[in-house]
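Common to both upcoming complexes is chain A, partnered first by chain B, then by chain C.
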Partner chain A sequence: MAAADSPSATLRRHDLCSRGIRLAGKMRSDVVDLLDTYVERQGLDASASVAAVEGVPAAAVEHWDEQTGTQRLLENLAAYRAFRTLLAQMLEEQQEQVGEADTALGRALAAVLLQVSAFAYHLEELLRLESRGPPSEEAVGSPSPPHLGLFERKMRGLGVLRELAQWAVRSARDLRQLTKPSPGSSSAPSPADSP
Partner chain B sequence: SHIQYERVGADVTMKCGSMDWDAAVTWTANGTDIDESHLNGSYLILKNVDLTQGGQYSCYEGSSWHLKYQTYLRVGTPPKEPVLMCRSNNYPKGFYCSWHLPTPTYIPNSFNISVIHGTREMVCEKDAFPKNRCHIRYLQLFSTVKYKVTLTVTNALGKNSTTLTFDEFAIVKPDPPESVVAKPVPNNPRRLEVSWQNPSSWPDPESFPLKFFLRYRPLILDQWQHVELSDGTSHTITDAYAGKEYIIQVAAKDNDIGTWSDWSVAVHATPWTEEPKHLTTEAQITETTSASTSSFMPPPTTKICDKGAVVGSGAVAVCWTAGLVVAAYGILFI
Partner chain C sequence: KNLKCVTHNLRKMICTWDISSKGRHGQNDFCYTTSDLPSPVCFKTKEKRVEIPVPDSSSIMTITTNSIAGTAFATKEFEIHKKDISFAPLTPRILSLTPDFPTSTLNLKWSDNGSVFPYGLDAFWQIQILRKEAMEKVTQVTYYSKLTHEDVTLSWNWTSDMPLECTSHYVKIRCYINVTQFVGPKDWSDWSPVEEVPGKDTEPNASGVFPQDTVVAVGSNVTICCVHEEGQQIERMTYGSEVYPMIHLSSRSSAIRVLNTSASDTSGTNIVCRLSEYMWDGTVLFVGYAPDIPEDLICETSNFLIIRCTWKPGRPSGLYGKRRTKYSLFERISGKNVSCEVNEMNRERVCGFPVLANQKTYHFTLGVSNPIGQTESSLLVDLTQRVHPKIPEKLTVSGNSSTSVRLHWFINGSFAEIRLLCQIEISSGHSEQKMHNVSMPGGKFSIYTAQLSTLHPYTKYQFRVRCSAADHFWRWSDWSRIEEHTTLEA
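So, the complex of A and B:
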């Protein structure tokens, strides 16, 4: 991990983390607003429960405090790459459904998609600093979403956005953990350093 | 010994053990004979019992005074729906739930709490103190699955329950900030320096930073002023009214989730004011009639006098008057 220890790498990591934390905060705020817009435009009940949706990365994690820095980055990257695909699909479906390219919901989805892409980029850069480099993007496992009826698609979209909102909070926490000085944070799992 | 629970307002009939209805018996309540008007044969009838009628009831055979039956009567009510609250003041470690009954039952109650997260049943460990409280460690973080907490209260006369459903983020509410200190700033009549500490119950303020809300007002006014601070545990108030005592409080919230804490303990502080030294000196000059005024210094903060910077009784009078006018104007303003 020689590269990761150099002063310039440390500074770059710190800079990427700080910016990432701010981006995650903005992303979360925008996703929460998007959720309101989505629920309203799609005619859904905001309190409806959505069962775990296949292909949507769940933010829920056990032993979060014991994760290494690299684990955090890898899990975050996998999640945001998946969200990038999912949001792009949602945007496409929304445009098909409404029949026009430019709607308030469409714009909001596009804005969040942009932030998700930017965040994924931040994560890839952080992984490069780990001398590990980001994993190549897998050939898309489920290239098109399962054929769902309109209502199911709407509910799936709700699930996607809710999970993304959770991820945005988790990502800010993950990046803060990365900025904490902790020996061997990128190596084999170390004992939990938070109480 | 035998305990009998009855509802307030119930009619209670006590039989004297295995004695026949027509046997001659004497009933006592807490050692005092009960009047025969309450008896129906050898049965004791208590109509519309109230809380004061609880106690030890004994039945004795008429002539031999052998104790034939004894019971301890406890009068109470079945439980009303309990009040349940769950909160995480130590995120991300876990959360606690606490409960109470809206009205007392006057008899012993037992509480049972169940916590379900999705399909998983979690154990809420009861606290030794306070009694009506239990805590849970989070096994998962950042879950969208809601928690369902059901509290059941049971006593000898009935049971009742209540359920709370919430998600992980919604119940996060830190304890108020601690060690709030407010101090005047020397030579600054409109400033107060406030500092505080993160609540000690918040386990990891580095990874889970708190943001703060400060409110302050002079004691003589009702309207609060507010400042929200996204980081740091100190703030300088720069618009305090000169010479007025202030009351100051701080609240905390996780930067991203949950709700604001309660307000901290209030602290009081008054901004720095200059000592009115020149008043004493003027009196001294008048008394002594000495021409020596070289030791006198004009009041340091009264800017009107700075230009003059003259030592002498004439200049002193001007300075002092100007200061008085400014002070009077200031009071008028408030």
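So, the complex of A and C:
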């Protein structure tokens, strides 16, 4: 974390973290609902296992508790930028494949995409507080969609949404970790609620 | 002994024979003579086979077998009559066997070798299709052609009931030529060597489920295969949520056969080939209907700027997104073509076509197509007889008399080419509703007026107006908004 913060920066970060935790919670429940709709509309088997999907950042992390706050924010931001691109691809494919015939799934996808974008912006705000600023978008690079058959794309979408649901949980934990007073700084009230 | 002669081209014949005594032999002395040869033709041959001309009637042959040292030890004379000579065409030559994977079609091309035979002979070609590792016969067809004394390339297509990627397909061909004037026995040629179209299951590391993301008509029987790497085992193959029995094609390929497929959901029917928990492959099948012939195609104009065609689409195709049914409007007289943006979810189908300068008659063809089929519907229309004006707007009523008023209204559109007929509905509290018809020259985005008299003084009236084409009535516009007006006191 940065050198000792000014009280206003601490309060600002605390506020951003709390709102981020709530946003992550809402995102998670919406993604879970979206997953159900997605499985049903795409005719998939809910119990199907999907191996790690290329281009989808894994939520599981080793030595989670050893990460610095900045590392957490940077990893979160990279993930949500990737998810933003992946969800936009899914939305485009959905429109191409099904057109007007399934607007419900399209709307649900768009709603989650909006939340992911908002959350990414939120993380950028937090990084700006670190006075180091978020990495530029090109640095992250967006995963170009490999040429896949339709069924593989359906399964890939399933993998993306499942991983996003995991990330929402991890993000809430990461943000909660950020609100804990780091050694030597003044203690901050713990967030009112959590997802 | 066993002297046999066969001709492949009706001019030369190949005679073969056996030698009964065992042991090693030297060269043979072969002589033949026919009725139109001045003297026998003789030559030596190591083979027990010679090629000599086909005789007009018969041929006498003398074969002398010599020992290794060259001394004759057996001589035999044969008389071969024309009826003893058999005819079998040469083995056909396959020129190409070309797969078209998207349509699972094989195209076979071969030469009919017609230059060897007289003009006009009937030729029959037996074509055999074989499949799988075991080269099982799938089908055999007979193709007919007429020889033209020239070498013609013949072509034949065959559509497999299974994607060509699933396993190797093989083709071989033989032929029979009906030489009517040939008196000897006639036979089929030998089979040609097989030509192969290798399946994906012969390609190293190739795998996949085929056909990939294809569209079929409801009721089709479909074969879907799963090609996997050597050593892998398919746990199961499902169509939708149903597990299907597998058909073994080769060590790296198995298939399922789905009969009488029903319409798929919006996102298609998934076919999953599960090799293990985390190893699966799959494809999506879209099962829908070919488009119906559009019904009640109507084209009209409300403003002489745009022609608006509507129709009833018939049964939904069940195909969406980029596989949806697409419409285009082609106008034959001008040659202009317009593609129509149609939302497959709403029932009404509408397409706009620009009114063309100096063109009154339009011959429309509405083309309809989707990946399963296409159809069309045509309509010839005189635009002046299909005018359906927009709703009259800005109706105002003015009048400074007790028994007459003047109405003004605007109609959005260019009607300069026709006369308009407008109907004014006059209502008042205590007298019966009256209709007043008035016709007038059409204008271009004009305001129209009408005078009404014989009204009652000091009476509150409600007026509304609608219009249509005067000369060739087609449809009324909708009624305008109601406008109230009270006549002055007498």
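One rule holds in what follows: the second predicted complex is superposed on the first by the 171 of 195 C-alpha atoms of A that agree within 3 Å, B and C clash if a C-alpha of one lies under 4 Å from a C-alpha of the other, contacts with A are read in each partner's own complex, and residues count from 1 in each chain.
Definition applied: a residue touches a chain if its C-beta (ideal position, glycine included) is under 8 Å from a C-beta of that chain, and two chains touch if they have at least 3 such contacts.
This structure is a prediction, so every number in the text was calculated from the model and none was measured.
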{"item": "Clash or fit, chain B versus chain C on superposed chain A", "value": "fit"}
{"item": "Chain B versus chain C as contact partner of A:R28, first or second or both or neither", "value": "first"}
{"item": "Partner chain in contact with A:F151 - chain B first, chain C second, else both or neither", "value": "second"}
{"item": "Which of chain B and chain C A:W167 touches, first, second, both or neither", "value": "first"}
{"item": "Touching partner for A:L11 - first (chain B), second (chain C), both, neither", "value": "neither"}
{"item": "Chain B versus chain C as contact partner of A:G43, first or second or both or neither", "value": "second"}
{"item": "First (chain B), second (chain C), both or neither touched by A:Q97", "value": "second"}
{"item": "Which superposed partner A:R176 touches (first chain B, second chain C, both, neither)", "value": "first"}
{"item": "Chain C, chain A and chain B - angle at the middle CA centre, rounded to the nearest 10 degrees", "value": "110"}
{"item": "Distance in angstrom between the closest Cα atoms of chain C and chain B, superposition on A", "value": "10"}
{"item": "Set intersection of chain A contacts, chain C complex versus chain B complex", "value": "49"}
{"item": "Interfacial residue positions of chain C with respect to chain A in the complex", "value": "208-209, 212-213, 240-241, 265-272, 277-278, 280-284, 320-322, 324, 343-345"}
{"item": "For the chain A and chain B complex, residues of the former touching the latter", "value": "25, 28, 49, 58-62, 64-65, 162-163, 166-167, 169-170, 172-173, 176-177, 180, 194-195"}
{"item": "Partner chain A, residues of chain B touching it in the complex", "value": "92-93, 139-146, 169, 203-204, 206-209, 255-257"}
{"item": "Touching residues on chain A, where the partner in the complex is chain C", "value": "41-45, 48-51, 95-103, 149-152, 154-155"}
